[in-house]
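Residue numbering begins at 1 within each chain, and the chains themselves are lettered A, B, C and D in the order written.
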């Protein structure tokens, strides 16, 4: 019997004989991959949602006097000195008035009697997305207050603070769960494989006694590990994909799609996770078998 | 040897002889309880945070004319008809003006030249906390628009919508993870116990052959399951408690404590989870042993 | 055959466990036309009838695969007969419930052909098992086990793990366990298969000792030397049939 | 003894696996002053020296616990000697690496005293194992296994699971597996312990058949009947010592 044909015959035999354990192992692997990938996906999408929501952040510097256009570059430079910003908008009295009118919408007429210059001019600063931490936003705000002509700096304190807190709390939760789950995954898979091998200890030892080569003994077990990793991860990722589709269709309201742009893993990441699952299983097999192969 | 003394001697012996497996089982149980309880805790606290944030929700009905105080009860009744509300605040022109002044704070003087009555009067409606769904808020808003004298109804569309989406998305995520984790927990614990029992199959079968009574055979194994459940759940819940303390101290900023009021499980829930862990382990043992006890 | 009066009518309401009485003069073991067929079609025993009186030592011989082990397994309810009546201590085995079977097994010491020892336990722990399941005191257990170890020349292996013993030593441990609880009935399956003639004598000595204390003993063996030179009855099985010339004639 | 010229100096760079040569006229097995002490202080063998020539059938006897199994385990590298020199086919076992040990074991058929069969596999699969690990063709395997089953009167058990066999049948399966690959050296540990005299004759027939094909055979046994009536050499172990009167004298 040639080695390759032996390899497949023997692996097939193993799978048939121990299908109960095989099934449990497969379930374990699938479940673990599913859970891990699930959290990874949530974390990923969550980050991008966080980025989207973070776009809201702007700091408004109310000014005593309107700034003449010639001075703008200078002020812009000064702002950029402290922190890179996305965009700087100068709002004149007139513009501010128009905005209030737009906000009041139907009630615009209440402004009719007023002069268009009762609102102060301002500079709106949209910071870069890397300005995440609340403390940093506060520092930035203090800095902006020192700009020449600045009277007061305002930003959505409440909203930013709350969003910041929720963000970091969620991040901690997702990371903690992630850690716990990776722990569980690794533990479960290695434990399961260890037990599979222990159940076969008798056979492995006998093969050793008969003088079987390491290749002969390991071959089918590693192939088995590979198959389990492949099928298990495949099932796990496929389940996740269908779960994803389900969530996505559930949340397909038009308002949401603009805010949350759900994405599945790119093919490369999916491939990497599949590969990781395969390596984990095959590697686990190899490590476990090695113990029995010492002559 | 009396039964009880036998029970403890034998259990002690078992634990000593199989401490490797015992340790793995304990780890599995602890980890499972930890993960499950963690998610349960997050979910619980998340719900209460959701409630807190929901407090923000108010609908503002801009009016053409100020409402004379005598009419107020009538309008209040009308509003309550559609939905129970928390609070109704009538804002006069004067009050609206003062608020704008407070908002502009340092820039108050820009309002100095204006009459105090250029802003429209309004009614602010704070709905009950059970008004959660976005659709319902919209309905309510439409209803309020039909009030006599109402010109326009406004509410934090963006904020409410976003919050609503985030809320329900998070709820789905937490629930889904919860399901996955309960699945894993049950699976892991039962699998582990099954394997423990399979490892002892030889001994159990021999005891049966020797004519040992079911009590004799089951006693130590059930006690073992009880101990494992107790210690495992205990460790899991204790770890969670310390994790909780850690998160809480990390987030002890004054701004947050008012918004999020973290709480651990009440003692009763903790007790119930401990009990559930114990029952799961002991029950798992019993079910697994039963298979071997058929004569 | 002493079987004639064994078919006593009993009320089915009697608790069977209570009737396990090895002390009266009914046959300890009695089989009437017993057949055992393993699925799908392996006939291990066919129409076997015999009786063993109290206090007898009886040998069961036959070629490999003749059905000796199957016969012994039927007596301790490890297998159910396909056909026929089996009575132990006057009790129809087919009518025993789980509790009664447990009681029965506590009364029968069995030395299995493949020993069925717990490989990772010490010799002492293995031999003590039948005593522990009936909650004997630690002192009794120690005394009894040490006595048996002495008799079987295993005293220096007392605390060794069974896995580290030679096969013949393991066989003696299995015999010691079967004899530990001083059972009224002892079944020994190939008790000297791994023993030299000198050690076999120790085992026969143990059997005689037990027999003098009232134990009925059935030995399945192919070792002529242990039954050739004494007057005990020999049942010869061949392809599941009991050779009529030998059976039933002491 | 034919050991005199066994101490040939070899360059340590030679691949040991290549030198496993059972076909020249050096002793197949040679032990010089071999001792085996199991920790902490169980002396299984002490200063054992002997040699087995190619084509011999040699019997190893001794009381239970004398060290027979330990001696056989040393030959196939399942245990390492505490002291002394062991050579198999002219090869010093202490100098073999893992690969060479695998090669060696493929050349030695061993029927273990506790059989070491895979209980959940069929008889056929068990016997085929030594042939499969050397990648024999399916046809060769079938022919060889069926031939062995025929010789040992197991043809009707070919596809039965080993667990469902009688103990004596299992013993024959273990022997068949040891003989399957036509090894140059066969070690049989208590090969007839569970067999009646008639079936034992089949086993001796197998041994003689193999021996005629050039296999050297070592049999550890307490069964006088299988060595009493032939001219083969008998080594008598007693408490780890080889009785000098018998050893080395054919």
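Brief remarks follow.
Keep this in mind: a residue touches a chain if its C-beta (ideal position, glycine included) is under 8 Å from a C-beta of that chain, and two chains touch if they have at least 3 such contacts.
Treat the numbers as computed from the prediction; the structure is a model and nothing was measured.
Under the contact definition stated at the top, the chains bordering both chain A and chain C are B, D. Seen from the Cα centre of chain A, the chain whose own Cα centre is farthest off is C. Centre-to-centre separation between chain A and chain D, using Cα means, comes to 63 Å. Note on chain placement: the centre of chain A and the centre of chain B lie 22 Å apart, centres being C-alpha means.
The centroid of the Cα atoms in chain B and the matching centroid in chain D are 68 Å apart. Under the contact definition stated at the top, not a single residue of chain B touches 2 or more other chains. For chain D, the set of residues that touch two or more other chains is empty. Because contacts link each chain to exactly two others and close back on themselves, their graph is best described as a ring.
Inter-chain contacts occur between A-B, A-D, B-C, C-D.
Here chain B touches chain A in the complex through residues 24, 27-28, 31-32, 34-35, 38-39, 42, 49, 53, 62, 104-107, 110-111, 113-115, 118-120, 151-152, 159, 161-162, 165-166, 168-170, 172-173, 176-177, 180-181, 183-184, 187-188, 191-192, 195, 243, 247, 250-251, 253, 255-256, 259-260, going by the rule given at the top.
Taken together, the chain C residues at the contact with chain D in this complex read 38, 42, 61-65, 69, 113-114, 164-169, 171-172, 189-190, 193-199, 222, 224. For chain A in complex with chain D, the touching residues are 1-3, 6, 17, 202-203, 206-207, 209-214, 216, 295.
Residues of chain D touching chain A in their complex: 76-78, 98-99, 101-108, 110, 116, 118, 120, 129-130, 132-133, 135-138, 141.
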